[in-house]
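Down below are the structures I want you to see.
Note that chain A is present in both complexes that follow, paired respectively with chain B and with chain C.
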Partner chain A sequence: MSSDGAATARTALREWILTKNRDLDQRQLADDTPLFAQRYLRSVHLPELILLVERLRGQPVDVSDLTAGHFRDIHTIVDLFITGTNDSEST
Partner chain B sequence: MTSLREMAPDRLAELRRVGLSWRSSGQASLHGPLLRLAESLDRAFRLLATAGWDAEEERHPASLPAELLQRVHYLHSFPHQATFPVRLQPDEANLDEFRRGPVVDPDGHLVLTQLAPTRDVLTPAACHHLYAQHESSALDAPLYLTTRNTCFRNEPYYEPLRRQWSFTMREIVCLGSRSEAIGFLDRGRSTVDTLLKHLGLDVDWCVATDPFFRPLESPQYLMQRLEPTKHEAVYGGDLAIGSANLHHEHFGENYSISRAGEPAHSACLAFGIERWLFAVVDRYGVQPESWPDPASTMQQMVSATGGQWR
Partner chain C sequence: MKQTPMQDRLAEALGSLHDTIDRLSELSQRGYQNPYESVEWPAAVCPEDDWFSSPELLSLYGTPYFDRLDEPTRRRLAFHEAANFFSLNIHGEKSLMEGLAARLYRKDLLGVARYLHHFLDEENKHSIYFGGFCTRYAKIYRSRNLKFEAVPERNLDDFLFFTKTLIFEEVVDHYNRLQAKDVRLHSIARFINHNHHVEETRHLAFGRRLVAALWTACSPDWDDGVRSDLRGYLEQFIATSWREYYNPDVYADAGLPDPWQLAEDAWASPAQREHRRVASRKCIGFLISTGVLEGTPADVF
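Up next, the complex of A and B:
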């Protein structure tokens, strides 16, 4: 995927996360902010997040492959699921 | 359908000699040396709870209301493990009809007549009672609790001391801030490691998930995969004898328990007493004289630190 595609995905993810955290100052949300560890996202958000990632990448996410850290932060999600530049998705 | 996984006959016979009676329902009765060891283990865990965190002991019934368990969607997550206590509809005509029938058929099945509405679930994990008990609490300090209960879980198979329909679970729970819950687990694991070392039991702490029904459809299961919150002390490569669990705000939110104005975080240390029995017997054999005394071991650990763990 092009760098434009990655940038679009980062923006879409960021905007979606902010809709779940109305009180969050967007300057606090960096690409490497731990989304679940910091409790900006919780399990209840996962189905919607997976649908968003599938829409952004244009193909399904195989949830049986999900493992620790895959949705850690925006940077990781884009690398693993959008641009595919991080090869740890298959681990 | 549940089945029994057979233990080697000589092993089962040895366990019988030291106090195990095994029922075809997947339940164990204990007496003699095994019961004394079980009680010593429980005293050790209670001492861990009181010396470590001044935890308050609570005692709760064998069942709890399904409505309370459903606050955390338990029956959607684990319907396959639930056991329900049923009662006959108490009108005399129904009771007479029950008495007139065979009551129990040749296969040992109850021949029930009309049942009263079922509202309860037999305790699936000891700590569930604690969150319900402290519903709507506003905590101005971390709350440490401990409890023991007989827990019931349907399983695909049963094996003496290793996997039972009913078993004994001791738990220590922290309700507090996020850092208090994490600190509790860190110290708890460290102390349990020390106890295990003194008892000569080797375990590996492994990341684990709870046994959700249709796990890939469960956000909670996927969450546990993505952000591990459950670690098990695994003996012999495949037997989890204890676990350390971080729940985040799961129970605090659903039972309206707050800490400093925010939903409380919680964490628990859980110990399966029968599995510890298996580990001790597996490690030391079936001569009770060779078994360690866990309560004395824990007492020595406390004394060695001057009783100042907190």
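Up next, the complex of A and C:
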């Protein structure tokens, strides 16, 4: 995945998270903001988030061994599922 | 140990369900069925010759994509969407059975135990039918549902469990009710929808009474923060439940290109927004009338 693709994914994820948190000031949402720890996202958001990630990368995500850590922040999601620079998806 | 005011209110609210429990339990006993004898499964089915879902209920209906599909492709899509619908029910009923079993004979819920037995039994039988179809003719579509959080305090957990059950079943029943009487459908698809509708009617009657009772008993002790939090959670649950009807895996199996974009476009289309609004109207109306929700969830419609 190109750096353009990663940037597009970051923007799409950011926009989606902001639609789920309409009271959140976008300046408070950084790439390393802990999404679950801050309760901007909860498990009930995951089916939609996984669909978005699959659309951004153009292939399915194997959900069988995923944990909250895989969705810790925007940076982790992009590294893990979009650019593939983080190999913990398979661990 | 002395009961808290919430426990007193809960006992009183559950006590008021007595007549409903008796009536529904008698109906369940009278309609008791053997899922291994109630249906004759055809050896094979032809997805491009028969309808397995009503075309008007398909996730692409009313979009430009649907207009461009030829008739065999529409039927093939309807077949895979039927398998997806039955799969959603299997995943939903697995969580439901888990939650019902955990609450069976719990001291404070003893008054509803008689009906929980029927609820659990009937959900298991529904899954036998849904699984029977998917494993014989199609497949069980995967769920993207995962759960990471700790369970909330018990009354809140009970309330969310039964409210989510009600939301899920209300939407499913919209499809069951219409497809049960759609003479274009293959007889096996009509049977599964009809059978589910008949039993879900009882579950929905029970669910509405119970959710209203739990809300009346428990919500006075929940502060504005808890109420706002649970409303946000339920609104997202409604969005999530609906999203699963737009499954890219289904579009890929039906041979349609760019399945994720298709799912996104179908979700956002005006015709599908209106479809979701109509199908959810009864459920949302009930949740607003009881005070659980304050308005229609913006993200879904």
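Keep in mind that, in the parts below, the second predicted complex is superposed on the first by the 90 of 91 C-alpha atoms of A that agree within 3 Å, B and C clash if a C-alpha of one lies under 4 Å from a C-alpha of the other, contacts with A are read in each partner's own complex, and residues count from 1 in each chain.
The rule we apply is simple: a contact is a pair of C-beta atoms (placed from the backbone, for glycine too) under 8 Å apart; a residue touches a chain by one contact, two chains touch by 3 or more.
None of these values were measured; they are calculated from a predicted model.
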Which of chain B and chain C A:Ala37 touches, first, second, both or neither: first
More chain A residues in contact [chain B versus chain C]: C
Which superposed partner A:Ala68 touches (first chain B, second chain C, both, neither): both
Partner chain in contact with A:Gly58 - chain B first, chain C second, else both or neither: second
Touching partner for A:Gly84 - first (chain B), second (chain C), both, neither: neither
Touched partner set for A:Lys20, first chain B, second chain C, both or neither: second
Which of chain B and chain C A:Pro47 touches, first, second, both or neither: both
Residues on chain A lying within both footprints (that of chain B and that of chain C): 36, 42-44, 46-47, 63, 66-68
Contact footprint of chain C on chain A as seen in their complex: 19-20, 36, 42-48, 50-51, 54-55, 58, 60-61, 63, 66-68
Chain A partner contacts - residues on chain B that touch it in the complex: 178, 207, 216, 219-220, 222-223, 225-228, 248-249
Contact set on chain C toward chain A in their complex: 142-149, 233, 236-237, 239-240, 243-244, 248-249, 260-261, 263-264, 299
Residues on chain A engaged by chain B in the complex (per definition of touch): 36-37, 39, 42-44, 46-47, 63-64, 66-71
